[in-house]
Amino acid sequence: MIDKFVASVSEAVSDIRDGATVMIGGFGQAGMPAELIDALIAQKARDLTIVNNNAGNGDTGLAALLATKRVRKIICSFPRQIDSWVFDALYRSGEIELELVPQGNLAERIRAAGAGIGAFFTPTGYGTLLAEGKETREIDGRHYVLEYPIHADYALIKADRGDRFGNLVYRKTARNFGPIMASAAKCTIAQVREKAELGDLDPESIVTPGIFVHRVVEIPMRATRRVA
Amino acid sequence: MIDKFVASVSEAVSDIRDGATVMIGGFGQAGMPAELIDALIAQKARDLTIVNNNAGNGDTGLAALLATKRVRKIICSFPRQIDSWVFDALYRSGEIELELVPQGNLAERIRAAGAGIGAFFTPTGYGTLLAEGKETREIDGRHYVLEYPIHADYALIKADRGDRFGNLVYRKTARNFGPIMASAAKCTIAQVREKAELGDLDPESIVTPGIFVHRVVEIPMRATRRVA
Amino acid sequence: MSPRDRPKRELHPLGGSEAAEPRAWGDHTSAQGSTAASMAMPRYSRDQMAARVARDIPEGAYVNLGIGLPTLVANHLPKGREILLQSENGVLAMGPAPSPGNEDPDLINASKQPVTLLPGGSFFHHADSFAMMRGGHLDFCVLGAFQVSVRGDLANWHTGEPDAIPAVGGAMDLAIGAKHVFVMMEHLTKRGESKIVEKCTYPLTGVRCVSRIYTDLAVLDVTAEGLAVVDLVDGLSFDELARLTPVRLLRKPA
Amino acid sequence: MSPRDRPKRELHPLGGSEAAEPRAWGDHTSAQGSTAASMAMPRYSRDQMAARVARDIPEGAYVNLGIGLPTLVANHLPKGREILLQSENGVLAMGPAPSPGNEDPDLINASKQPVTLLPGGSFFHHADSFAMMRGGHLDFCVLGAFQVSVRGDLANWHTGEPDAIPAVGGAMDLAIGAKHVFVMMEHLTKRGESKIVEKCTYPLTGVRCVSRIYTDLAVLDVTAEGLAVVDLVDGLSFDELARLTPVRLLRKPA
């Protein structure tokens, strides 16, 4: 019987090795897999490359992971936030590498990895600093930059409900990067608020089919809610 | 008040002009907008380019449109079917141009048009007849072919329910090309089995947001069911 | 270390918006440092500017409002007009902020502020959301700016200062995505320099992407021949505007 | 003109499949035209071939079964094993054909035949479906073939005849998409020629994409050194197989 549920977040992330590329879902707190990030912090893998829209804020979650200095590089669109002091300090002292990507190119590059696309021409960023040194082309009178997929070893995401096949549904704008990161990683680990019985999720409304998900951990709501 | 419903299929397709590129949804009968096709046949526009997965079968629907000889070119993946005699005869007599596209490249090219992608490298078709003369590139040890988006003037699609904003939900495998064609056309016309009141469609389950849909016509089930 | 020990440099005025428009407006809102010229000048208020933009957005339009000054536009959309607001983090038909106590941490806008959903709204993932933007499906986006050039180049994401931590968010996607890109900004910096320029000195967000500029002095259309003045604040002459704006301006056709 | 007046050339044996494998199998099923050699030879039956493929598909696998011979595999999947079937027209966890009268025209497979959905199944659109395939998420696909080359090139979509109407469907996407591409085919054509070849003479579907070949005579793995014989039908020697198969064959390690 297929059963992708694992008992704990620590078991779920236990095989993440030094040097791994790890995507982390979420846009702000919405869709942020807080418990999985905490498990990754406890888990001790070093020399990580992290893909997230931001670069952490406050002193918990992704910021706490960065503070361990086990992240070599971050690929994101918006590192600077009002409370991104952990990233800011590491960046200014040269202790973390930053690949800054326009948010839509970030999303499309992740999607391209999941979809087996080798590269694509995007109009976003053409003529800007973020396209410097990149291949460009004019197609039908419009200018484009060539961008490459971002693959990951692991994706850590948060969904609302999941079943033992790994089918997922999300909640409101917490959907954000979850479905595309799930498709772009060799191993996708989802924390869900609630386990659904097989057949309970409407087949018309499943957003991430289980084929993209390898491990699921149930983290009930009470534990998930946290003070921001 | 936004209200994308129009009273009839003939009104919905009335402005399709000679020379237009028209996408038609469906995979077999599932998702095929039969009444909109009939309206296009009645409407008399000539010199059309049609984008569909197939090239019609039997003597009705798309086959009947082809039989009018008002289709200059068809872009599809699988024209040959057991009862595709209308297309077969036109093709053999040189009366229709065929652009044959692997089905996944067809889908991705349509999606690229909707997503503003200028071109993309796909592994599908590399080293085959269908990539002859096309730009290729090796990326990270894999071979790819460069493919371009397919844009359309109109998309004719079929959905299950739609509201006055043009939000759509589909039914089972009738979803197929509908969502991507909706995004790739300047004007998307959807026939729906049932009109939904605004707010009745679950915001988590809307597959095609109304931003991609310009006109909706309600065609109740009785009229839609047809002998194949 | 606690947050209180940290320098407050490079912080976003609205706290972590993804639209990357740090200080693209607001320099002018304080009287301190303003030149005598700008102090004396007749100006549209920020609400007048927002109302003027709102007037140009028709029934049925799909619109993304950038953070900062552009968010004011939402308050001025005519009540009877159905206009659908998109946010790039995956929501269409956003409603106003929830009443206190009814915030949902899973329902936020691109500035990570709580919002609501109107009937007929929908959710989608990030790739679909940016496909919607990049594919040209939005009718309008309204953005703040540091500078706009006479040919419509936009600079609104980065000051280019050597110690700046760069952050771009969705700014570049918005700039090239919508059918009409409107810019709302003060006409002059606090030093009295025009933010409308021949060539942007700040790093670009997008090339030739702006269609119309709304400032506290005028409304101008980007055209192949120069900036066409659509509106002037009452009491300001075309010649006065031209003196303040070092690019080719075209008079409104009589 | 009615259908009855039309020539029946170029018709698909299963009626409009999208997997584009016209006559990729079946040449051998009629005794007419078979060579004396092939008549006398011990052979796996089609069900034995299907059962052999099924044995290689583990619990939890995501699988696309091409039309024709590969569809038989579904009948032989061990009952206790959960294996999820995908169809490229946008469905995962397909079940068997519905009972008569329970067909749903909106629930079909890639051959446009009615199917059912198992609990835990899901629907998605065509771009997502082919992203799933192209992105390498399927564990296995099983395809028919006209020819397979020693380096794993596949030819199964087009005879290359000048009057043929070409049709490709999802064949090329399937060929390059799955982690493991299995081919099921008769070993020899009805003229007794090997369908395993040094270089395909039919137009290719995909380059170096096949991982394992199941024929009525043998099971062979595509390796850098040649085709490694995994299984031989009882009563056939390695040397006899090698005589019928004009490419480098490797013996099973002892």
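Labels for the chains are A, B, C and D, by order of writing; each one numbers its residues from 1.
Assume a residue touches a chain if its C-beta (ideal position, glycine included) is under 8 Å from a C-beta of that chain, and two chains touch if they have at least 3 such contacts.
Note that this is a predicted model, so its numbers are computed, not measured.
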Pair exhibiting more inter-chain C-beta contacts, B-C or B-D: B-D
Approximate Å spacing (C-alpha centroids) for the pair chain B, chain C: 37
Length of the line joining the C-alpha centres of chain A and chain C, rounded to whole Å: 29
Whole-Å separation of chain centres (CA-atom averages), chain A against chain B: 33
Set of chain B residues in contact with two or more other chains: 108, 111, 115-117, 122-123, 170-172, 203-204, 207
Junction residues of chain C, two or more chains touched: 117, 123-124, 130-131, 133-134, 177
All touching chain pairs, where touch follows the definition stated at the start: A-B, A-C, A-D, B-C, B-D
Of all residues in chain B, those that touch chain D in their complex: 27-31, 53-54, 57-58, 77-85, 87-89, 91-92, 98, 100-105, 107-108, 110-111, 122-130, 143, 170-180, 207, 228
Chain A to chain D touching residues, read off their complex: 1-2, 111, 113-117, 163-165, 167, 183, 198-199, 201, 203-204, 206, 209-212
Chain A-facing residues of chain D, complex: 59-60, 62, 82, 84, 86, 92-93, 117, 119-124, 130-138, 177
Residues of chain B that touch chain A when the two form their complex: 108, 112, 115-123, 137, 139-140, 142, 144, 148, 169-172, 202-205, 207
Residues on chain C engaged by chain A in the complex (per definition of touch): 1, 3, 6, 10-12, 15-16, 18, 20, 22, 87-91, 104-108, 112, 117, 123-127, 129-131, 133-134, 153, 158, 163, 165-173, 176-177, 203-207
